[in-house]
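Got some structures for you, see below.
In the two complexes that follow, chain A is the common piece, with chain B as its partner first and chain C second.
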Partner chain A sequence: MVSQRTGLLKYGFVGPALVVLIVLNIFPLLYNVVLSFTDAELVGGGARYVGGSNYSRVFSTAEFVEAIRTTAVFVAAAVSIELCLGFCLALALQRGFRGKSAILTVLLIPMMLSPAVMALFWHQILSGDYGILNHILAAVGLGQPEWLTAPGLKLISILMIDVWMWTPFMMLIALAGLNSIPQYIYEAAEIDRAGAWRIFRRITLPMCAPLLALAVLLRTTDALKQFDLVMAVTGPNDAATQTLSALLFQKVFGDGKTGLGSAYACVLLVIVIALASVFTRYIDFIQRKQGKTQQ
Partner chain B sequence: MSFLQLQQLKKTFADGTEAVKGVDLSIDEGEFIVLLGPSGCGKTTTLRMVAGLEAPSDGRVIIAGQDVTRLRPAQRDVGFVFQFYALYPHMTVEQNIAFTLESTGAARRECRERVADVSRVMGLGALLRRYPRQLSGGDQQRVALARAVVRRPKVYLMDEPLGTLDADKRLEMREFIRSRQQEMKVTTIYVTHDQEEAMSLADRVVVMHEGMICQAGPPTEVYDDPASLFVARFVGSPGMNFIPGSVVADDGQRFFVPHQSQARMPLGRDVRPGPVTLGVRPEYVYPSSDGPIAGSVVMDEYQGNFRSIHIDTGFAHNLVMRAGDADARAVGESIRLSFNAEHTRFFDGNTGQRL
Partner chain C sequence: MKFLRAIGICGACILVALVAGCGKPDADVGDAAAKSITIWWAQWAPAEGLQELGNEFEKETGIAVNVSQIPWDSYQTKVFMNFANKRTDFDIVVGDSQWIGVGATKGLYLELTDWLPTAVDMDAINERAWRYLCEYPSGSGKYFAAPCETDAIGFAYRKDWFEDPKEKAAFKAKYNRELAVPDTWDEFRDVAEFFHRPDQKRYGCAPLTGRAYDSLTMGFQQIMWTFGGSWGDPETYRADGYVNCEASVESLEFLKELLKFAPKGALNLRYSQTLEVFKNGTTAMVMDYFAFFPEAVDEMGDKAGFFIMPRKGDRRVVSLGGQGFSISAKVPPEQQELAKKFIAWFLQTDIQKKWITKPAGFTANKLILQSEEFRQATPYNEPFAESLEHLQDFWNVPQYSELLSVAQKYVGEALDDVKTPKEALDAIAKEHEKIFAEAGLLKEE
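Moving on to the complex of A and B:
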């Protein structure tokens, strides 16, 4: 009797979350896969099965190659700059000092705001004519580049906003990594007569590595899907800044080709999964190397 | 001029705790010193100040004629064994031991040879490729020791290195540390709260209490001639028996009269009259039908080759008598006790200092 009741209770707890997950995640995912094999359009019904023709179109267009390149450059630059800056900030903030918590709070603000709001702020700052940045540059007698419209600068501007938004995240995780190294390890290294640089390279960095790798994984998978900033700064159909997500948005909502856009989405999904699994394997590897799992 | 000197060493922590209140100690080269005391007596803080891991609030540390008080640990050339090993978790046993050699720029080949040497002596050969977490506590502690002895620093500092080990491992490691130290003749300061460990290892035991040194001397001296009630109680297992009373002078002779007792015990030596505490080790207490102390047996502790008989004599603490292994006593049995007068020690009834 009791076991039957707890059995029901069990489902009662899990059920709602499961329903939400199926309706909002699993169903759209599977439906997306189905759509990618049809010629479904945004307006008008009647989708027909077209086999793999959407996929052959994806891989044969120059747009796709260009979007892959843009995305790769963006991800590589954003994640590595954020990692380096974040780690440096964490090192600076590791020691306790007056006003540390205030500084920490201020540093975390960008991360807590919505990317769309952030992009609008930056749009104001970077605007060529009335932006405050160019105003300042003019005041000190420097050139005033068209941050948001010059072809070579648009992606850099988006990169800048992303770095500004996500460096605190890296810093937070790096700080957790630094704080997880017990003081006595540093004391032992001092006794072992290691200098500051050697302690950093042989103790601090390797002991933070698993957490940093996790942060890089999270940022990479997220940056691969970069969309909001592109949308807000240049719109989805700008060749210089068209990431994969922007391209698929353009296909579905700009051109109305839902089937083709779904194929793009599936390709993006596969790329994200592949990269994520490489990272998790790497994290697993360093953790095993550090003996965290018993043989 | 002694090799290592602590001069008026003091440490007051930020929260106001006075951990060490002025320690003076001179140590000869090659000497094995054990700092002994209960937890919180300042022995570990003193050790950390010698290592440079803690900055003294006042006083000086002098190693080999050089004032190192303001130097970083790395500049002092000391080996330190931490209580909880403090191995580098992301390095193999081999890398852990070699780290200190590489820090000083030793050649790779020399590193490998010296690590191989040490690990052979310490029986770590089979574990070189393992990570610390894959090792037992005993093995981890051996790695920590190997890391300290792989080079020959001016001083070895050990902070309760055997505290976390099982009893049998502890004996084995104790033997190892002692023989290794005698072989290498490196000046050593070893911290422990285990008086037995202190007695068996030390050339000189330094008993600390509340941030100060109570007594420093060879183990036999600390055991036989404790400088205060505290030392007498802390050293020895079980510790010394104490009987409150007073010394009276009568007819040119001195007698000890226990509290609330008519018995008079002739002393046969000169002790200043007044309130005292008499101390006597369990091995010098014996049953005697006309002895000055009467009591009843409350516990007979069989210890293999001897027995500790606990006797309630009406004083604050039970008296312990050491008896032969065949000399069993029934609980409740009445007994009269006497002491070997030659082995009694007297402490000031108020200050606890030796008279």
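Moving on to the complex of A and C:
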């Protein structure tokens, strides 16, 4: 009797989460796939089945190729800069020193703030005419670029904001990785008279690699969906900064083409899943390799 | 056991609360809706004036009017997302002129063709306002809106700079003519060049170049029309040979040239931002809709003057602005009747006389527009009234939003030097024809 009740209780606990998952994740996903094969529009009229024409339109337009290129450049640059800076900061903060926790707290603040709000603040900071950054540059006798409107700088400005926001995240995970390396391994290396570079290359980096790969996976999937900074800095329809998510928004909410936008969403989802599975396989590979080494 | 009972009681309480929460507000809304109408409009000065008139309407009729203001950049998105619901949150939307096609053909706007002549003196209203703001298809005599705000793009200028004797003498010495409000685009270019002194934080001009929504297109198209280009043939919907003709290319090159005399950040200036560079006292001439100009007067006082869009040769064309009242087809008939009552009341000549006293309350009433009282009421009324005779609009077909985003993107790429003006306009021609062909509008010439 008791075990029957416990069984019901289990379902009682799991049930609500399952319902939420189905209603908020699985149903919208399936509905989006269905919509991508129709000519549904944001307003008016029903949706007619149009086969794969939305997908052929997605892959035949130049703007899709440009959006892929912009997104790839953004993701590659943002994630690698954040990884390098985050890891360097973690190395600097690994050892205990006075004021370390205060510095750590300050460094984590950007990550905790809303991207949309931060983008609006940065919009003021980077303004060509009255932005504080250009005032500082002018004060030290440097040029005053138009960060938000110069064609070559718009994407770089968005990149700068993203790096500022998400480097702490990389640092945090790298710090966790560094702290998880047992001290005796370093001591053994010192006894063997291994140099600092050799220790870093043979011990620190490989042992941090699984966590760093996880951080790269999380940041890559997140950066692939970059939207809020683009919206706040240039808007969704600027060719120089139009990422896949911004293009998707423009198609659905600007042009009112829900069916076509759903096709873009499916393509974006496939890209994210493909990249995520590559990374997870890589993480598995590293872990298996480390397991063998330890055996 | 007690634990299970506690969970059961909590679950029942949550269920009861949810059921009660779902049911009650509807009843409240029903009561309030019977005596009130909701109007959605963009966030700007005229919407404040409309709310004030709405308060007067409530005093007279007991029907409350709530004007909801939505920021310009997200206005279109919010309205159309709301139209995607079975019932809209607004009874009246003050819709942009380009929306009329989609509103009429997708069953979003209530058709007013039979009702308007019975409630409004149609002859009293400017014909262009009917044609561009209310009628679809053009010339069909079918109406889906009534005029609310009639607007046009114009220029605000630094009157004090233009009247400064030193500036006048320097201008005459350099250009061998008097410094005056520019009447032609060539004169405009010279004046912009003359006042452009970045080392003194003074700039010549600020055209509309915003990449969000429509400001770049609205700013560019009137120069294109004035130079002799066009978006396409409204009969055949052919764009090739029109939007990329020599005159159109020349007009885009001219716009790029004007940007040499613009302040920092001028490659992406939307309506509020051109106004901002005027109010901060740095720029001699800024382009914007007249409805934004009350703020310029509030901030700059007598230093601000206003003029109509310049001409080229004998051609002067101005981008239409403004919006009409459209009644949502997705509200109950009782609400639609209340909305009609308000529109009929608003368009009475006496109420229009009050409307013009509100900041940027621009009427389409011909008698009022011609009256000396209106022209002298503000420094921008005179050029606004003149502008009405030169209005023209972007495509207002149901596919306008796709056409607009293509225009915004490629004209933007030309300004960014990613494409040459010719390449950008060729790309627009190709994309626009593709959109028209998919919509079944494109005809063989």
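Convention: the second predicted complex is superposed on the first by the 291 of 295 C-alpha atoms of A that agree within 3 Å, B and C clash if a C-alpha of one lies under 4 Å from a C-alpha of the other, contacts with A are read in each partner's own complex, and residues count from 1 in each chain.
Here is the rule we use: a residue touches a chain if its C-beta (ideal position, glycine included) is under 8 Å from a C-beta of that chain, and two chains touch if they have at least 3 such contacts.
Every value quoted in this text rests on a predicted model; they were computed, and no experiment measured them.
Colleague: Between chain B and chain C, positioned on chain A by superposition, is the outcome a clash or a fit?
Modeller: Chain B and chain C fit side by side in the superposed model.
Colleague: In the superposed arrangement, which partner chain does A:Ile203 touch: chain B (first), chain C (second), both, or neither?
Modeller: A:Ile203 contacts chain B only, not chain C.
Colleague: In the overlaid three-chain picture, which partner chain does A:Ala240 touch, first (chain B) or second (chain C), both, or neither?
Modeller: After superposing on A, A:Ala240 lies in contact with chain C but is clear of chain B.
Colleague: By the touch definition at the top of the document, which applies to A:Asp192: first (chain B), second (chain C), both, or neither?
Modeller: first
Colleague: Looking only at chain A, is it chain B or chain C that touches more of its residues?
Modeller: For chain A, the partner with the higher number of touched residues is C.
Colleague: For the superposed three-chain arrangement, provide the angle chain B-chain A-chain C between C-alpha centres, rounded in steps of 10 degrees.
Modeller: Between the chain B and chain C centres, as viewed from chain A, the angle is 160 degrees.
Colleague: So in the superposed three-chain picture, is A:Lys289 touching just chain B, just chain C, both, or none of them (first/second/both/neither)?
Modeller: first
Colleague: In the superposition on the shared chain, how near does any CA atom of chain B get to one of chain C? Answer in angstrom.
Modeller: Across the overlay, chain B reaches chain C at a minimum of 45 Å between C-alpha atoms.
Colleague: Give me the intersection of chain A's contacts with chain B and its contacts with chain C, in residue numbers.
Modeller: none
Colleague: Can you list the residues on chain B that touch chain A in the complex?
Modeller: The contact residues of chain B facing chain A are 51-53, 72-74, 77-80, 82, 84, 86-90, 99-100, 103-104, 130-134, 147.
Colleague: Touching chain A in the complex: which residues of chain C?
Modeller: 4, 7, 73, 76-77, 80-81, 83-84, 102, 105-108, 210-212, 263-268, 277, 280, 282, 401-402, 405, 408-410, 412-413, 416-418
Colleague: Over in the complex, which chain A residues touch chain C? Could you list them?
Modeller: Residue list for chain A touching chain C: 5, 9, 12, 41-45, 63, 127-130, 144, 146, 148-151, 234-240, 242, 250, 253-257.
Colleague: Contact residues on chain A for chain B in the complex?
Modeller: 182, 184-185, 187-195, 198, 202-203, 206-207, 289-292, 294-295
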